[in-house]
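Below: a set of structures, written as structure tokens.
Next come two complexes built around chain A: one with chain B, the other with chain C.
This part shows the complex of A and B:
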């Protein structure tokens, strides 16, 4: 265990964690996870100082996604479970963030995504400190996490 | 837009057949044949219009589109009267030709009781007005399928557009047969009088056989020759997006995939590694990361070509990305990067410079695509739109006869936009409002209908727009029937349209004394830029 602050990465692959280990490991101890369940287990181990979140989780098994597919299908997509699944995949990162906040994790969260300003504003209303950077840019991510 | 939820659009077939003869090809024998064909066709139909000529093409096009948005019967004539030699006229004729095929297919399917007739008709509606002559076969098909209210509507539209001649006589007789309660419907309603810049052409059948044959041959020739030069006549993605709003969902999906998979994860991700290389302090791992993102997995050139093929498949002849300046530059940058495989290292400044320049060009390209997606079609839902829809429905024959105790339209608290083509949105809302009015018309008083808009915040930070049509009738379509395309309800047509826009329809319990609410849901289109955001607020 290093003395560096922990950065929890949640993504459906390995790209974010790989990037973070290469360009952010001077200030962060990077801990990569693939699902909401893994992420929640990780925060029980140690509280992170920052969250780096993927948005789309289309490589995750449907049963590992957060969100009630049937409820979403009924509420938003006229009962269409396929569209509900795509929706849960496409927006999974925000749902993971919601679950982490529910678990008491208040660390700043960063998405690598060009959200419209109002969407970012909404996410902040819901989840507190949330930032978004338009591309993989280590300096911008550091700034967003408050460590530059 | 640009999210994966638009996937459904990417596979949507795009028509690139007859409509293209009306494109301003502008060169060679095709243009000659096209002009001859169009001239002959116009001479045969008598559709040329002095009034239309007097208007500037842009003004004429605006008026023609306005007529169509208001669903005026004269819209088709107004579109057709536009000069195909102008850009606006060419667009109008292209879309008319495209829509015509879909309308005819819809009528055929309806007549044969085949599935998806409504979908085909809806696809036509999304593109351009219907030739008024098609109202008669459509009315007959509706009659034969037991859709009598619809049949009445289309007979009336046909008679308004084609008031005389043998077909008109037959239409009147057939309309009368639908029932004695329809007495009086043959009187032309003032609100239905066509208001196009010229009278509709009702005697288009009076064409001499040799002239018609010549026109047909010329059109055929134009098609054959036109296909040969289609590529030369097609334009950039920006231009296509500007001219063809109906393609925006497909464009959004394609651009979204390209940006996410290639430009974000492979190109965008290596910016820091490149900077480290430039500074001369790149670690072995960072160099390996750079190499794996650019040269690992599917070769960059292959991946790039795959995206070009996807655009080509979805958008067809309308687009030639090899002629698009942004894609051309991006393609060259991809080529530069691909050619550097195996040559990257800490001591190759020339290689680094070329790589850095290509990377910067692709980042510019990504920003350009983001800007393009931000400009795609959006329709504002406000009180004016809702009231316009309600007024149009009330101007229809059957809904106009229902005596309502209350018809309320509540303005949204703030203007909201949705990523839906306006024509489709109007069609969808009209169907729901029409059904509500007809349902309360079959129920005991008090007969109440209300339209309003509610916006909900989702846990994803997105906002969902709920457009509710509440009414006092206990008669409620089941959720299943809403999604059954064989259902004898316009709502089935609505569900087909909604699925194209990632929307949905549902029946909910009514509130405030209403028996039920039919609710349309769309994801709200959020302003892309801060300035838009302030304006919207």
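This part shows the complex of A and C:
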């Protein structure tokens, strides 16, 4: 244990964690996870000071995605399970954030994504402190995480 | 490909645009540190499953309708990544001029693909 604040990264690959280790490890102990289940296990182990979240999880096995595919298919897509899977993949980062908030994690959350303003407003209404940075700009991400 | 053109453009912006500029967005004036050059090499030439960014983009375009590939910003991104491929030896070797040009290319590819995605969802010019 380093004693530094933990940055929890949740993504379906390795690019965010790699980036965070290069640009943010002077202030954060970077902890990478690949699924909602892993992320929830990680926060039980240590509370994060920041969250860095991917949005689309198309490299994750469908059975590891958060969300009930059949329920989403029935509720939103007239029973179309393919469309439900794409929805869960496309929205997985926000679903993971919801699960982390439900687990009591209030740390600032940063997406590297150019959300339209209305979408970002809705995310903040639902999940509190949420920031969106349009690109992998290290200085902008540091600011979004509250690092000067 | 399914999901409509808006999703197709969003996928190009996410899968190629965002990741290809991961290092390039952080290249500053002066000498580029070796770890940043290494990440730039990964972003441009090993973007996904060991494939070049140009190949990843080509594969995604093959999955979509011709109207996606014909988009002016997407077409420009394809051309830029072709130019980046020609710089590979210099970038891998850390040649400053090639590294800087490759970083500029990566940034423009991100901007082009984001612009195309914004237009497709009705939020841009």
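Simple rule for what comes next: the second predicted complex is superposed on the first by the 148 of 148 C-alpha atoms of A that agree within 3 Å, B and C clash if a C-alpha of one lies under 4 Å from a C-alpha of the other, contacts with A are read in each partner's own complex, and residues count from 1 in each chain.
Basically, a residue touches a chain if its C-beta (ideal position, glycine included) is under 8 Å from a C-beta of that chain, and two chains touch if they have at least 3 such contacts.
Because the structure is predicted, anything quoted here is derived from the model rather than measured.
When the two complexes are overlaid on their common chain A, residue A:112 makes contact with chain B and with chain C alike.
Judged by the number of chain A residues each one touches, B leads among chain B and chain C.
In the superposed model, A:76 makes contact with chain B only, not with chain C.
Applying the stated contact rule after C-alpha superposition, one finds that A:68 touches neither chain B nor chain C.
Of the two partner chains placed around the shared chain by superposition, chain B is the only one that A:126 touches, whereas chain C remains out of contact. Look at A:94: by the touch rule set out above, it reaches chain B but stays clear of chain C. Contacts of A:19 after superposition on the shared chain: both chain B and chain C are touched.
Applying the stated touch rule to the two superposed structures, the overlap between the chain B and chain C interfaces on chain A comprises residues 15, 18-19, 22-23, 56, 83, 86, 90, 112, 114, 116, 135-139. Across the interface of their complex, chain B is touched by residues 15, 18-19, 22-23, 56, 58, 76-80, 83, 86-87, 89-91, 94-95, 98, 112, 114-120, 122-123, 125-126, 135-139 of chain A. Contact residues on chain C toward chain A in their complex (touch as defined above): 2-3, 7, 11, 14-15, 18-19, 21-23, 25-26, 35-36, 39, 110, 114, 118, 121, 123. Contact residues on chain A toward chain C in their complex (touch as defined above): 15, 18-19, 22-23, 55-56, 82-83, 86, 90, 112-114, 116, 134-139.
Here chain B touches chain A in the complex through residues 3-5, 7, 260, 264-265, 268-273, 283, 285-286, 289, 363, 366, 370, 457, 459-464, 479, 482-483, 495, 498-499, 502, 504-506, 521, 526-530, 533, 536, going by the rule given at the top.
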